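Two complexes are shown next, each including subunit A; its partner changes from subunit B in the first to subunit C in the second.
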Partner chain A sequence: MIEEARHFTAELAVIGSGLAGFAASIFALNRNIKTAQIGNTGAIAYTTGYLDLLGSLAPDYAASIEDPWQGLELLRSSYPEHPLCRIPQTDIHTAFEQFTGFLGECGISYSSPGKTNARVLTPAGTLKPTLCMPATMQIGTTAFSRQEPCVIIDFKGLKGFSSSQIAANLKDQWPELRNTTIEFPDMSLGEIYPEVMARALEVPETREKLAKILVGAAGETKIIGLPAILGMHSPDLVRKEMEQLTGLEIFEIPTMPPSVPGIRLREMFEQLFPQKGITLIPQQKVDKLKIEQDGARLFLSDSFGPITVDAKSVILATGRFLSGGLEASIDGITEPLLNLPVTQPGSREEWYREKYTDRRGHEINKAGIEVDASFRPLDNNGAPYSNNLFAAGVILAHQDWIRGRCGAGVAIATAYKAVEEVEKYLS
Partner chain B sequence: MTEKPTEQTIETEVLIIGGGVTGAGIMRDLSLRGIQTLLIDKKDLCAGASGGNHGLLHSGSRYVFSDLHSAIECRRESTILKHIAPQCIEETGGLFVAVAGDDPEFAENFGSKCEPAGIECTPISTSKARELEPLLSDRLFKAYRVPDATVDPFHLALLNVAHAEMVNGSSFRPHTEILSFICKNGKIEAAICRDNRTQSTITVRAGQYVNAGGAWAMDIAHMANCKDVNLLYSKGTLLVSHDRLTTHVVNRLRPPGDGDILVPGGTVSVLGTTSLRVDDLTTVKPTVAEIDINVREGTAMIPALATARYIRAFSGVRPLLQSADNADDREVTRGFALLDHSSQNLSNFCTITGGKLTTYRLMAEKTSDLIAERMHNSKPCQTHTTSLPDEESCRWTEPGASPKYWYRANDPEDMILCECEMVPQSAIDEIITDAPGAEDEMNLEAIALRSRAGKGPCQGSFCGIRITSHLYDRGHYHDKTGLIHMRDFFNERFKGMRTIIWGQQAAQMELAEALHCGLLGLNNLEDD
Partner chain C sequence: MAEPTIPTINFKEKAEELLPQGASFESCLTCGLCSSGCPASGIENMDPRKFIRMAMLGMDEELSSSKWIWACTQCKRCQHVCPMSIDISQLVFLARSNWPQEKKPAGIVRSCQLIQSTDSTSAMGLPPEDFVFVVNDVLEEVRELQPKFKNLEAPMDKKGAHFFVNQNSREPMSEPDEMVPLWKIFDIVGADWTYSSKAWAAENFCMFSGNEKAWFEVIRKRVDAVNKLGCEVWLNTECGHSYYTMWNGINRFGMEVDFKLESLVTYYARWIREGKLPVNSDWNRKNIKFTVQDPCMIVRKAYGDSIAEDMRFVTKALVGEENFIDMQPNRSANYCCGGGGGFLQAGMTEHRRTYGKRKFDQIAATGAAYVLTPCHNCHSQMEDIGHHYGGSYGVVHFWTLICLSLGVLGENERTYLGPDLLECI
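Presenting the complex of A and B:
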């Protein structure tokens, strides 16, 4: 194999292919900034598809917030360091609108950001608050709030998704909920996987076969809930056709990761970004990042050889431990690409509380990098590391996205802000 | 869960308190003599030191300097166990190694110290040692081979109980805690227990009462007003690595200290141990400081320990016996003690504590001899010759065994629920119906204790969800109980993870918490 050195240039290099990275590229596209995005596979394949803004508040993250916008106000007074408190609400709203709008244009419709959180279903039969959800999941929420009769259907061979579990846990709050189990067409033996089922449903014959089974399973009931398997590339179309074939209303419930709604987003971005002029280098890790006064150079390599990217500015959206944006060792937490200082508890003893599900959450989750008002990471002296380096997403300190139920919120809002600052810097 | 507490009386010939290996061993020994028993544990089998140890089947060599008597006892007992319970034992062999900085004289004398104990100990060259164990430090200066082995205490305890249940219908009750005794005329008349799951009271009337409470033996003896059990507590903390780093047990050749032994166990290795006096048994758990010491010290012997991936840490408590008449005497023995409490004016109560996993059978024999004599039963002990039979539902604790059974059965419908350890659905089904201690609404901790589920790198964070779903599908759960069990299981597993979450485990933990709390909201369950 001939190794050829490949080289790309851009005004902005986005490092990271999580929600923050993809959102940053979308916002940069909307602002006509020439962008290259490089990102290893990360947490996006784990996401449910729900886009949370803010679901619970410290200190005990107990009751779920009904009005996330009002929640942001409360957060501003109780915890002003939180990244979401450093961005005007109107910008956060615009960010969600632009992001979901883009997804809709590309064939994955989302509910637009409203005034209140919806209560959405989880595969365990609990409910969680979220701001925007894929259109394929919406009927579940309305059927629940209207207490309409509904059947949750699971599949023989699909592990970790039990309709009896969902029904057993929701029966007090949703007496009209029933459940049943069916076999997926042509996959009656052994274990089956959501991703495989979703791809199978891209094929019309599979849809027809499944529709017949669903009609039988639904009986008199008009609304059915399925695990999230309704196609990979055009879920809205698949769902619509399934509804026509069955005469039922159908919605999806997220499954255990890797989950189809997350993979849908990733595949859609990977397919469409290049068409829209974004240089996307997916499934790759930036090995080295050199930041200089007037530009940055990224070093990486794939099976065809080395790649360099020169960019005027960089957004670091590399996530936390799961994605490799932060690293924990026996001695402490570090940021591996630039060795940026990481705000963290004094010792490992303080990382985690004694009890896993302690309502106050764990201190380690608030560790992260510090940024200035323009979302530029700070160096050891508290000054911006460089004028052309910005950061977005859950790598940022002072937020616990897990307990706050604000994963997408932090990712999308800070990406919006960072891109705005990039634009200022570039002009 | 909301049922009213009820009362119940159970009659049995012998009540054994404490479901560690010792209690389980006594149960089997007595059953083979035709004596019927009830074994209870406030938590579950191996909830104490029997589930919190190294799993080393001592050749005795570790004690040749300090305690020749124990060394000989271990040598004899380990030989017996290798014959009667080979299914619980892996004959790994052991190495003793000294590294630069260790006392050369101590190292030199080791061979001659093993001799009087009758322990086969062969000096080998350091290059041979490193050939056997490539991860050993290049700073070795002395090495010996000894017949150490490893033992799976869970499998061992389960098989002892299962055999006793089979032989004469003796039975085991988990989560049954002794609270007090009713004593009259020099005898215990009844034991008052509480079912910790239902909170109901259970009165047990037995002819004989055995306290096999390990570190808790003093507390239990006090309940019968016996003042002759004096224990000090020494806590030990150990770490489990993700991979098996050595094939042999590797001991540091120096006076016992922190981080001086690495014991393989199936697909993992266990590094230990620290030793810390504690006063309170309720707060025993690993600390970051203990973990760091073990890793630092262990690294001198095996440098790879510095960068190894650890998946779990745990602590156990060794009860150290003090002589009765001089409670201040710090001279403690590492052996075991059987107290017949006749000096405390009780004729049907005894306490067995101390000792080792390796000597559990002997401890059970001595205790059973006493009980048999008191009951005028003249049947001799058989456990040193009678093999421990296999029992299907107990086979799932063995590391690496589940995939074997699963491949052999070759049933595509039998899905793997724990992917780290390859535990299939059928194993879970077998355990909840047939394993010792199986019961309705058996929880995930109890299932995990009887299998490898949750013991791999994800520590149950995924399989906990899958097994729960499966149990809902089976109709094992009908309401929120399954979610509560799942949350409690994750909380329990976390105790063993809290101090070792770095490297890949930090990523693992973030994913787990995103799932359990971010998505499923288990931190917000309302159950109380």
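Presenting the complex of A and C:
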């Protein structure tokens, strides 16, 4: 069969479709760098929607940090190798501003990065610190801090979100919190998913039906919390309309994955990036990457055949084990695309501590690749692998983003820095 | 005679053979993105994640006989959203092929038998001579009644024509006038094209019935027919699965062909860009709103987003940019309508409509008055669920709207237009 090979060119190729990859493309767009982004769907659909900068400090990750900016200062002395310590605070702030600003312009409003962390609700009914949150979730935080009466509502058939669990866990801290369970309109088939409910709420008729049920469930209470289901494509609009229909204040709480806030981001990026001129190939992994002095060539293929991308520079934002940026085997941890050296514990025995839930985390989670001050990955001799190769996100060594509650911080801030360096390189 | 039994498949073992390394069941994180994004979730108490978990647990008997495999349209959305890219549809195909013929949904089996029954490869069993007769009959009528098209042509078996054009059987069989707008488009752009009296038909339910041998036979007939006429391009018209079964079949069966497979949608876009098809949206004075349905078979499962962009370009040119509203989700992430995979022929109406509710909601959320789609199965399914769930939208072919915009849509070619569109003529 006669087929035409597909070929793209760009100034920058971003490899990875997680938070760091998407952030890098946004920053590149803001700097007018012609960008191609490639990478199999990352873990972005698993996010809560909260954008954490820094919530907890190594080595014991004990206390929750109220002021992440002060926390970064402390981190500088306690753990200077951490990627966030290599970036000026003003740049981190700008990175968060640009990222949340872009999301807002594209229809998913976020709170701006402030001076302190907010304490936000989790689906387990615990509280965690975060820097920025979707606008649909903000009322929950204020209602909690003001200790206002509130009802958390869950749905029959929805797993992984229990309003009674949330209310029980918060009972001592939020005495005015109640909970109830309702049925979602016209959804009868056993298990139901937040994604399906969110899409159904894009339909005005479903909103009207649900609004009536919510009014009954709220009783005298004026504030209600729902699992994150308020629309997929236009959450701010859906929330506003639901508030108008019910006369209540409504907020969302993230659910267990697969969560709507993550799918919202993914679908928004996938639709808007091509419109803004980015070549986006979000479903395919790069099979081979050839870096040369004056450019790079990426090889991949989709169901339709082979694709090549030529770029002057590359940002590696391939993530960790789940998305394939790092691979673990019996012999150790490797980086599969370029076989970059991976900083890691000396032997497998040192990967994990005795207890999985140990507060101090595990050594394997700090494994990753090394970069220089310009975020260029280092080779075995400790020199930059190439002048046109950069890295961003949680593939970087010396951070345990889960314990440190700094996943979005590492992704967004290092992507910002890497793109800044790409721009310098290109000019 | 004893009731035929369904043999048991060892799914875990088969998956290791079928699925590429790194996309095996073992890599499943059980996150549930597949099930959350699948309109067939819950039907027959099954969903994609459950399917994989049951296979991992060795529940092969239950899986081998699950009717859910006929409600899964093999649309591959589960794989599309899976971080590990696990392809469940291949296992569904395997399970379908494993069912004894007598147990499979009779409608799909019958459609495949009809395809094999004549040289037309038509799922409605229309033989070559009848096809030729209908085409000539309709052509004669158009030449007589529509003076603008007194020299219109519908070439048959023209050797060396550039395009070998396929035709969904629904038109020659039940609504022959619907062929005419396409002929007019070819006439206007000056395309060098031909029908073939053999293997002209588009549909291929043999793939859906899990009959690999028959699928191959159908594709072989079609490849032979194109080669015999020496055409450069096999042009797939507004039908989704015909493209996929041909393109995928040629690769799957390792067939050697020296022509290109192309989709009409990309040519619509090209001809509009080149000015050969001078459409505009001036006719849409009332700002009637349109949305587009991306057929899985040509978008997610084949071309990817590039053809989806072409569809949007064509639609905006036809109806005006401000009158186009995208469905959510869309392009490669779009939901299957529920008419694919032979579902429309399977006789499982209630399940099919349950599946289609997601599509109905998507359309309803746009508020559009019409859905445009280049796929007959999508077309039929969206009409059906529209009626069933009380929707007020219509479904139209691209060729209809193109001819409407060009002011050449004949009176008998307006079946799918509602009063609002009829007023615009």
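By our rule, the second predicted complex is superposed on the first by the 422 of 427 C-alpha atoms of A that agree within 3 Å, B and C clash if a C-alpha of one lies under 4 Å from a C-alpha of the other, contacts with A are read in each partner's own complex, and residues count from 1 in each chain.
Quick note on the criterion: a contact is a pair of C-beta atoms (placed from the backbone, for glycine too) under 8 Å apart; a residue touches a chain by one contact, two chains touch by 3 or more.
Nothing here was measured: the structure is a model prediction, and the numbers come from that model.
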* Asked: Here subunit A is shared; do subunit B and subunit C fit on it together or clash?
  -> fit
* To do: Could you look at A:H7 and tell me whether it touches subunit B, subunit C, both or neither (first, second, both, neither)?
  => neither
* So, A:K212: does it touch subunit B (first), subunit C (second), both, or neither? -> neither
* State whether A:R359 touches subunit B only (first), subunit C only (second), both chains, or neither. => first
* To do: State whether A:R146 touches subunit B only (first), subunit C only (second), both chains, or neither.
  => neither
* So, does A:T122 touch the first partner subunit B, the second partner subunit C, both, or neither? -> first
* To do: Check whether A:E191 is in contact with subunit B, with subunit C, with both or with neither, and answer first, second, both or neither.
  => both
* **First (subunit B), second (subunit C), both or neither touched by A:E349** => first
* To do: Please indicate which partner A:Y46 is in contact with in the superposed arrangement: first for subunit B, second for subunit C, both, or neither.
  => both
* To do: Specify the partner with more touching residues on subunit A, choosing between subunit B and subunit C.
  => B
* To do: Name the contact category of A:G407: first (subunit B only), second (subunit C only), both, or neither.
  => first
* Structure fact -> Apex subunit A angle, CA centroids, subunit B to subunit C, rounded to a multiple of 10 degrees, is 90
* After the superposition, pull out the minimum Cα separation from subunit B to subunit C in whole angstrom, please. => 5
* Doubly contacted residues of subunit A, that is, touched by subunit B and again by subunit C -> 43, 46, 189-191, 257, 322
* Asked: How about subunit C: which of its residues touch subunit A in the complex?
  -> 29, 31-33, 35-37, 41-43, 45, 47, 80-83, 85, 247, 250-251, 255, 257-261, 301-305, 309, 326, 328-333, 354, 357-358, 361-362, 364-365
* Of all residues in subunit A, which touch subunit B in the complex? -> 43, 46, 48, 56, 61-62, 64, 122-128, 157, 159-162, 164-165, 168-169, 171, 181, 189-191, 254, 256-257, 320-322, 324, 327-330, 347-349, 351-352, 354-359, 361-362, 364-365, 401-403, 405, 407
* **Touch list for subunit A against partner subunit C, complex** => 1-3, 40-43, 45-46, 186, 189-191, 193-196, 199-200, 202-203, 205-206, 232-233, 257-258, 267, 270-271, 274, 283, 285, 302-304, 322-323
* Considering the complex alone, what residue numbers of subunit B touch subunit A? -> 285, 287-289, 292, 295, 412-413, 415-417, 462, 465-466, 468-470, 472-473, 475, 477-480, 482-483, 486-487, 490-491, 493-495, 498-499, 501-503, 506-507, 509-511, 513-525
